[in-house]
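Naming follows writing order (A, B and C), and every chain is counted from residue 1.
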Amino acid sequence: MAPIGVDEWVARSGDRREQNSGWRGLLARLDSRVGWWPRLVLVGLFALVYGKLLVGSNINYAQTGFNVVLYAILALGLNIVVGWAGLLDLGYIAFFGAGAYIYALFSSHAFGNLPLSTGGVQLPVVATIPIAVVGVGILGLVIGLVALRLSGDYLAIVTLFVGQAFAEAVNNVAPGTLGGANGLFGLKGFHVGSAMIGSTLGYYWFAVIVLLILMAFLHLLDTSRTGRAWRALRDDPLAAEVMTIPVNKVKVMAFTFGAIVAALAGTMFAAQQSSVFSTNFSAQTLILIYACLVLGGAGSIAGAVLGGVVVTVSQQLLSSPIDSAYLFYGILVIVLVARVRPWRHLAAVVAAIVGFGFGVHAIVGAISHRAIAGSPGSSGWFAGALRHFVIVPAGSPLTYGNLLYVAMICMIIGVVQLKGIRRLVAVVPTVYVAICCWEARLTLDPGITAQIMIGAILIVTMAARPEGLLGTRRVEVL
Amino acid sequence: MGGGGAFSVACTAQMQIFIQTLVTGIVTGCLYALIALGYSMVYGVLKLLNFAHGDLYMVGAFIGYFAIQWFGGATALIIPVPLLIIFMMVVAGLGVGALGVAIERFAYRPLRNAPRIAPLITALGISFILEDSVLLLFGGFTRNYNAPAFLPFRQSIHIDGVNIWSVQIIVVVVSVVMMFGLRELVNRTLFGKSMRAVASDREAAEMLGVNVDRTIAMTFFIGSAMAGVAGVMSGLAFGQISNIIGFLAGLKAFTAAVVGGIGSIPGAMIGGLVIGLCESFSSSYISSQYSDLIVFALLIATMLVRPQGVFGQPPLQKV
Amino acid sequence: MAPLLELDQVSLSFGGLRALHSLDMHVDENEIVSVIGPNGAGKTTLFNVITGIYQPAGDIRFDGKSLIGRSPHRITGMGVARTFQSLRLFLNMTVKENVKAATYGGTRATPIESMLRLPRARREEREVEARAEDVLGFFGQRLQGYRFDQPAYVLSYANRRRLEIARAMATGARMLLLDEPAAGMNPPEKLALRELIRGLRERFDVTILLIEHHMDVESELCDIVTVLDNGKVIAEGKPAEISRDPKVIVAYLGSGGGAGEAAEPLLAGLE
C-alpha cells in the first residue's frame, strides 16, 4: 500500500507548490520564467554595475564584491557534488585549501625555504592556475575513488575527516615549506610577464569573469548526459547503474569537477589575500559554503550564486554596527510579515510590541532610573528611535545582556511550540526581548553575532524551506 | 649483577611510561565512549548525524565548572568533595539532557520527514549556535577546573612507580557504571524495547502503539546527559575547557561510534577505548602533533576496510 | 538458432538461504517468456543475477557472450534492460529526463565536449531527444506533451510503471525484463498492459521476459511459461500445459493432496 500513500503525499506536495504565494512564490515563478541566457546577462550586468558604480569609492566594497563572487564560485563547485550528484562531501574545504596552498607554494619563497628575501618560485598565473587545478583535480580523483566504498552518512563522516586532516596536515607537516601555523604570506599576485593584478578590484573583475564562464559551462553540463547521470545517481544509484550509467565513474567525476572548481577559487583567494593560513580552511568556512548552497537551493546554479550573495553580504553587513541593525530589523520585519497572517493580526502584533515596549520602559524607568540609563548599541537614527523603547541599564552590563540572550532563546523555543492565538500573544514579549538583547548585548560582539546568525539562518532555512530560495522541492522515497 | 640491575631499572622506567600511557588512554577512551554512545543512540533512532552532540559535551563541562565556582572555587570549596562531584554530574546530566531534548523538540522534530540533508545542516547550525552562544556568554578564554586543588595527586594510588590519580579512577568507574546501566536499560526495560523498535522501523513502531515522540525525546535525554557527565569528567581529568572543545571531541567520539559500528553499544565502548588508546599511545610514542592525524587516518582506514564498522551489521538492500 | 539468453546451472545463496538452485533456462529471440512462482520463489533474484546486481555461480550468456563478472551498466549496455518490482524511477527528474538519462551508455560525448557543445555533443543531444520522444510516444497521450517536463513524482502509479518501461527501452534494449508489470493494476488496466507488451515486441523487436505472481491475463500472450519454486525451475511449457501441471499446483498450495479444485482460482484467467 505504500505506493498509494506516496502518491497522495506527492500530490499534496505538488498542490502546496502551486499555492506558493507571496515573495517566495514570486521568486520561484521568476526563477522558472527567466531563461538561461538572460539570466547570465543579468548576473553579468549586475556585477558590471556594482563594479563600476560602487567600487571606486571604497576598498571595502571591492572586498565584499570579491568575497561574494568567491563564495558563489565555491557554492557552484559544491553544488556539483552535493546538489547534483547527491554525495554529501564534508571535505570540500580541503580542495579549496589545497588550491590555495598550491598557488601559494608556486608564488612565494616557500620552496626556497630561506629568509624572505631570497629563493622560491614565482610562476606566472598561466602556470599556477593549471598546476593548482590539475593537482587538486587529481586529489579529487583519489578521494573520489576512496569514497566509492562509502555511501550516505559514512561518506559524510570520512570526508569530514579528510577536511579536518587537511587543516591538521598543513599546520604540522613540513613547517619549513608550508609555514605551519604562520601560514605562507607575501605571495605574488596573478601576473603574466610584467602585467599583474594589483588591486582587489582587479581580482573582483577576474572572479566575475570566472563566475560567468563557470555558470555557462555548468549549465551546459547540467543539461548534458553527464548532468543527467549525476542527477539520476542522486535519485537512485542502483537504478542509475542498471540504466547504463557507470555510477562509480560518474561519482568520481563529480568529485573531480567539484575539486577543480574549488581549486580555482582557492587560487583566487590566495592571490587576493596574498597569504594563506590553515585557519582559512576550517570547518567554519565549510559551513559557510554549505550555508550559501543550502540557502540558495541545492541543485540550482542560480541558487548557488544567490546563496553566495546573501550569505556573504549578510556577513559583511554584520560587521558594521549600522548595517547590522538594518539587517537585524529587516529580518525581524520579514519574519513577522511572513509568519503573522492576516494583516490585521500583523498590525495588532506590531502595535502591541510598540505599546509593550514603551510601557515596560516607562514602568522600569519609574522604578529605577539607572536601569534605563544606558544607550542602545545601534548607532545612527536607530539609537534615537529606540532610546525610549529598549531597556539598557547604565553602562550596559554584560550580565544583563547575557540573561536577556538566554531569555530570548528560551522564549523563541517556547513561541515555536505554541499555536494559534497564544503564539500571537507570546510573540510580543519575545520580539521585545530580542530587540533589547540585540541593543544591549549582540551589537557589542559583532563577530560572534555573525556566527550565531549564520547558525540561525541555517536552522530557519531548513525548517521553513529545506529546498532553499531557488531550489525545487524534492521527494525522497527510501 | 650490576648490569642486570641497571637493565631491570630501565625496563621498569619503560614499563612505567607504558602503563601511564595506557591509563591515560583508558580514561580518554571512556570519555569518548560516553559521548559516542549518545551519538550512536541518536543515529540509531533518527538516522541523524547529530553534529551538535560534541557541543553538548562542552556545555556539560561548563556547567561543571560553574558548579565549582558556585561552591567557592577550586581552592576554597565550601562543601565536601564527593558531594561536589556528585552534584556536578547530576546537574550537568540533567541540564545537558534537558538541552538535548529542547534541541530535538525545536530543531529536529519538524524535520522528521524532510530530505536527509536538512537535519544534517540543522545540526551544523545548532553546533554553530551552541559554540558561539557560550563564546558570547562566557568569553573565549580557556578556563581551568583546577581539580588537583581539591582532589590532590597525593591521593593517587602508587603502584610500583605508576601513579593512578583518584580522578582517573572516578572517570573509569562512572563510565563503566553508566555504560552497563545503559545496556540494562536498552535490553531490559520497556523504553529500551521502544527504542529498538523505533530504531529498526519508526513507522511500524508507531503503528504498534509505541510513543515515538517520547521515545526519541528520551533517547536524546539519555544521550545528551551522558555527554554532559562526560564533559564534567573531562574537566576534572584534563582541566582545561573552552567553547571549542566540543567539535573535535565530538568528531573523535563519532569516530569511536563508527569504528565500533554505529548503533551498537558495546561497539561504542570498544571504539571509544580504541580511539583513546590510539591517541595516547601515538602522542607519547610518536608525536603529539600528529596524534589527531593518526586518529583520523585510523578512522578513514577502518571505514574503508569495513564501512559498517567493526561490530556493525552491513545494511540490507533489497532490490 | 542459439537462444538469445541462456542460463547454465546458475546458483546463488544469501547466507544459508539458497535463492537460486542450479537453474537452467533459455529464452529465444523474439519470444515472450513468463516466469511465475509463489512469493520468495526467487523470481526477482533471477532478474538481479541476469542484470549483474548479484554475482551467481554458473554461467549466463546473452547473445553468446557471458554476462558473469560484468557490472550492471555494461550488461544493460549489451542490450538487457529491466524494470523493478518496487518502482525505481528518478523521481525528481522530469519524465523526459528519466528517459534521456537511460541513454547514457549509448552516447559518448565527454563533459568537455558537452560544456563547449562541440559537434558530437550536439548531434548526440539531438538523437537523444528524438529517441526519448519516440519511446515516450509509444505510450500515447499519457506520457506526452505537457507531461514531458513534469517531474516523475507527479505521475500516477500506472504511469510510473509505463515510464519505467519507456526508460528501459531507451537504453536500446534487445531484451526487456519486466518485474511484475501488472502489480497493482485492475483488470481493464491489465488488458491494456497485454496489448502494450504485444505492441512492444512488434514495434521495437524486443525479446521479453516477464515476471508474474501467478498466471493471469497477460500469460495469454506468452510463448513459454516457466514456473519457479524455491529457486528451481519446476515446470516449463506452453501456458495451457502449465496451468494443468500437478507440480505447479502443489507448489502453489503446498503438498496437501487433492488440491486440484482449489487450484483453479489461482490459475484463473486462462480458461
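Throughout what follows, a residue touches a chain if its C-beta (ideal position, glycine included) is under 8 Å from a C-beta of that chain, and two chains touch if they have at least 3 such contacts.
What you see is a predicted model, and the numbers here were worked out from it, not measured in a lab.
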Checklist outcome for this item: Closest to the centroid of all CA atoms, by its own CA mean, is chain A
Checklist entry - Of all chains present, which has the mean Cα position farthest from that of chain C? => result B
Checklist entry - Using mean CA coordinates as chain centres, what's the chain A-chain C distance in Å? => result 45
Checklist entry - Could you state the distance in Å from the CA-based centre of chain A to that of chain B? => result 30
Item to check | Interchain centroid distance [CA atoms averaged], chain B/chain C, Å | outcome: 51
Checklist entry - What positions in chain A touch 2 or more of the other chains? => result 238, 474, 476
Checklist entry - Among the residues of chain B, which ones contact at least 2 other chains? => result 319
Next on the checklist: Show the residues in chain C shared as contacts by 2 or more other chains, in ascending order.
Outcome noted: 53, 84
Checklist entry - What part of chain A is in contact with chain B in the complex they form? => result 82, 88, 146, 149-154, 156-158, 160-162, 164-165, 168-169, 172, 238, 283-284, 287, 290, 294, 298, 402, 405-406, 409, 413, 416-417, 441-442, 445, 448-449, 451-452, 454-459, 461-463, 466, 474, 476
Item to check | Complex contact set, residues of chain C against chain A | outcome: 51, 53, 71-73, 76-77, 81-82, 84, 87-93, 97-98, 100-107, 109, 111, 114-117, 121, 124-125, 128, 151, 153-154, 156-157, 167-168, 171, 184
Next on the checklist: For a test of understanding, state which residues of chain B touch chain A in their complex under the given definition.
Outcome noted: 43, 47, 49, 102, 105-107, 110-111, 114-122, 124-129, 131-133, 135-137, 247, 251, 254-255, 258, 289-290, 292-293, 296-297, 299-300, 303-304, 307, 317, 319
Checklist outcome for this item: In their shared complex, chain C is touched by residues of chain A numbered 3-4, 7, 10-11, 14, 217-218, 220-221, 224-229, 231-232, 234-236, 238-247, 253, 257, 472, 474-477
